[in-house]
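Here chain A shows up in two complexes: once beside chain B, once beside chain C.
Take a look at the complex of A and B:
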């Protein structure tokens, strides 16, 4: 029972990750579900939904369709939508019911592609994984399908991997891209915010991949294996960290070497909760700017390639709660929803850092931009961590 | 890597045939992997000296995220890699979904990369009754399907159903129906009956396996015929079947 979410909302699932990854593209995204999963994605997991145009559809799966495995009904709906929308590609995205009945989404996609002559990709998402899995799966599928082999390398060209509005606020994303621009680096493709089909096709021209969240690790490994492009894991949180990040980018390009962040030894006073790669970036920023040691609480599970005693696998509400209330930490940095887990007898300071994949619209707070110097101005603003007994207290 | 699915009516001798195929090819020096896709989980028993191995689903249930490849894949006769997907207790759960879960776990643990088999046999339960039992013939899994049948009507009926399921999914890049293995029951006009059925299914009989007391004797010892009686005539029949299956799969 320790996997139950008692006080936290469920985090964004894998199918939302796929939808989010392809949001900017001229595609049709069909979630094969009754309607709840589509509603969850459009209502709570996609900050760009209102004010943007994106063709996300629900297949309208019903009991009899599931029992009989009536794939043809889904296929006919997709054919109609494709006929009127003329997309660059079609994505058929799984949810819990197709998982349980063993629907062959890749096979269905192959069938649709044969009939429409439009590229169609099936995603075996189940709703039981977290969004980084979905983003990774979508990125790899796009790279496999559309990225062109090339001998033309852009020496200062980089791809961003793992940029997603589910983790990064719009100002944070702009700052991240500006850092590249200011250092004469060319952004070839940004997976997955501001992504275009042209950029996907050109992605192999990059000399280095920048993995800024754990969703980017598997795509980076794919690009390294397929096109020999090395990658750098980390994000520039803090002034000195930004300088180090830029320096690492140039050295990785120069040496064509992959680099993971190292361990940050020390007696941790702070617990950072969130995506593993971003937690690591925060940890390094706090260490270099303020000399503070911290632990990374990876709420979406362990991160491949990032190990150490300072990397905690906190993939359930129970584990997050145990860590927060362990008595080891004097402060916690994380989404304001985690305040609800603080026990009355736990004394802590808390720094709110809302991420959309956890609190969606419920935190009602804007994410502060902590790229580069942003951290230096925001970090001192800890508040007394009071337990939030109800969601109402957070809104 | 050649991937082959063996289908057929329950009790027709799929597991016996598959295990002997595996044993024959392994004895010839091939690196062979056999994956039992039946909740009964007895496909590989005769490759494992008569012992049942823990199933993937039982091990997932017991070990969760701590599950390792060595918990579910075991070396049997002539170093064949043996895996049983397993399934729920009869009457509950979903056996078809169980096969999908087991296959996903094998992929997650990089089983094919670790063992690097030359040939993988999926020994699949009876009829393709739902999506899960079609998993072994989906894109990315088996490339070739052979159906084991006798001349008995129910067995031929099941074979026709399976061939229909494969042909139904022609647009999806599924495995190719590559032939029938006739496991003789010595009924009247058996060869003619199966030949006619094969024509109707637009396929050929790859091999006629005669009925032999060596099969039962070997099973009583918990072994394949290839292991227990390597010099007997039935062992030669299985060797010939193995050559023909490889011939079809390698387009020789």
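Take a look at the complex of A and C:
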């Protein structure tokens, strides 16, 4: 039975992923819910919410509207707000109740678009999927709707896919973008942090898509199919890994080839918990910098295109707990919330790497920037301070 | 009065200052209780993180349902989930609230039957099927009413009543400094009881021995009514007021309510004098500095606006999402007598424009402060700890103190741990 969750908080859901993806745009985002779902997003899934002017709203769904299927009430509310706020587009975002009553969110969106002449997109999010699904769905919808076909390719132009505050701290995102800048690569569009409508329109001008979390894989596949843009899966965690990443970017651009990271053979002694693509990046960084083998514990489920015995599908508290306490690992890297799963008789070290989609603001810790050399200064501190005995071969 | 979208049903904007205790934290008031949420995982995120914030996560778990469970119905899964949970807990709770979320209102889970079966399987535990269903807001049993009703349904009728008086509905006990304690002690030796003062389930049953319930928040009325029917404990509804005249009337009502024939009535003159002195002092300090009030700070914001206006303060804005019946009369008074006071719906979509910045202001409540950018903020939430002349005095002190500091609103909000 994997449905019981005793220690961990639920992770960020799909509708938060959609909202997060379109946060920077001049849009009206309406979560079709009573209040709690919107409260999840504004209170715990959006670190940029305080002080922002992002127009994310709750529809104020009530029982009688749900029972009667009174979509017109929602539509009228959206029309009023659109008249006042003049958005570039409107998003209608699903939650558990619309799922149960079978609300046709795409149909509602089409109706609103017809009446307002403003692009309107419906998202069938349900609150039963994780945020990467929502980000992916939002990105694909934006790309389908607004990205222009072009023959003008920017040879050194790249898009970032899967950049999200739900996984990356602000310093990490800045570093990621700086790596591109320092290597004369032009960032065409950053999905989804610092995104603009202009960038979405120009996204097809990129020569390569850089998928830095699993939320970016489906949009990358869409862009490959629709615009013939290849993609590179991975993130530059560790000094050598960064050099390899940059090298791969140029070779992928030159060969116009898609590339996934390979397997990291070895007897894993570390378990990395988190987003599958990011875990993989950590794994490769630890291997190349310190010669340490690790397993990737994918807490948001299996990652399309990433296989192997080192990729563990840990989509429940039970599975995560079993992996942590399996006796196989001497250390775990992950959000501090996972510490709660360590049983008293399990001996291992734990390196905190808080991610917003798990602990939100409750970890009271800043996420360390592990892009490039960041790992080289962060990880040895951990090994020296806490793991010197058990992993004496390191550093 | 500027009625910008006043009390319209619009898309709702949620500021970082919006929220309150949430049903999780309220339910946790029940001593030795545990909570299991049976819902899609998304429904539990804010409650779980709020519980972590307040150090309550060790009393709450989740049993996630997916789309196929919803289609098939999950009555049996609740039973399985409870069995599995109880197998994992170090200590069996005295009470287990099994929460379902909004969607359950639409699929017809037989909550009564499930509750009965859970009780049959686990006779040492009292089960309550509870609802975190904001979809019922505006009905006669929204979540905040429902959870209080279920909490107090755990109090069993006692053979004898004593001199105790309960306060119901308020989530924080009336402060020790309030004259209500002294009044009750003098007029019959009564003690004032509140659920937050109990850590043990058995000791908490003392509240069922009390001879009366004073209901301070509207969300507690239903629970008090049930207790009257079930336990024979009468109740009186007295929402917290900061109006000296209203307070005098409330104390008279309490005097009559506790049937204090044998004892001399408590003399409030020093408490009244203290409140009046605090008002004068605050008025001297604040003068005609603009004051904004919001409905997160007090249950009856129009009542407060009216009181402050009578004292000579300059109330320029009242942020209210909707007028509750207990505040209706004051609302009408404000409309008729305070034409320069704006009434603003904080959740209206136009709030996102943030075109009502007014830094040089004193905000009573976080939402008013956030929307207006107020430099001075009274750190008050939901009348917590307030009542009577003490409440007036305390509020005046807080207003005066707020004038002397530029508040860090973000820190205040984080400290409080609001949950929508």
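The rule is short, and it goes like this: the second predicted complex is superposed on the first by the 379 of 395 C-alpha atoms of A that agree within 3 Å, B and C clash if a C-alpha of one lies under 4 Å from a C-alpha of the other, contacts with A are read in each partner's own complex, and residues count from 1 in each chain.
Here is the rule we use: a contact is a pair of C-beta atoms (placed from the backbone, for glycine too) under 8 Å apart; a residue touches a chain by one contact, two chains touch by 3 or more.
No experiment lies behind these values; they were computed from the predicted model shown.
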Of chain B and chain C, which one touches more residues of chain A? C
Who does A:96 touch here: chain B (first), chain C (second), both, or neither? second
Taking the superposition on A as described, I'd like to know which of chain B and chain C A:69 touches: first, second, both or neither. first
For A:9, select first, second, both or neither according to whether it touches chain B, chain C, the two together, or no partner. second
Just chain B (first), just chain C (second), both, or neither: which does A:104 touch? first
Once the shared chain is lined up, is A:114 touching chain B (first), chain C (second), both, or neither of them? first
Contacts of A:81 with chain B and chain C, given as first, second, both or neither: second
First (chain B), second (chain C), both or neither touched by A:60: second
Where chain B and chain C land on the same part of chain A: residues 99-101
Report the residues of chain A in contact with chain C in the complex, numbered from low to high. 1, 3-16, 28, 30, 33-40, 42-45, 49-50, 53-63, 66-67, 77-78, 80-81, 84-85, 95-97, 99-101, 126-128, 359-362
Could you please specify the touching residues of chain B with respect to chain A in the complex? 94, 96-97, 100, 130-132, 134-135, 138-140, 169, 171-174
For chain A, which residues count as touching chain B in their complex? 69, 99-104, 106-108, 110-111, 114-115
Contact footprint of chain A on chain C as seen in their complex: 9-14, 16, 18-19, 39-46, 48-49, 52-53, 57, 61-67, 70, 77, 80-81, 84-85, 88, 101-103, 105-107, 132-139, 349-350, 352-354, 410, 413-414, 418-420
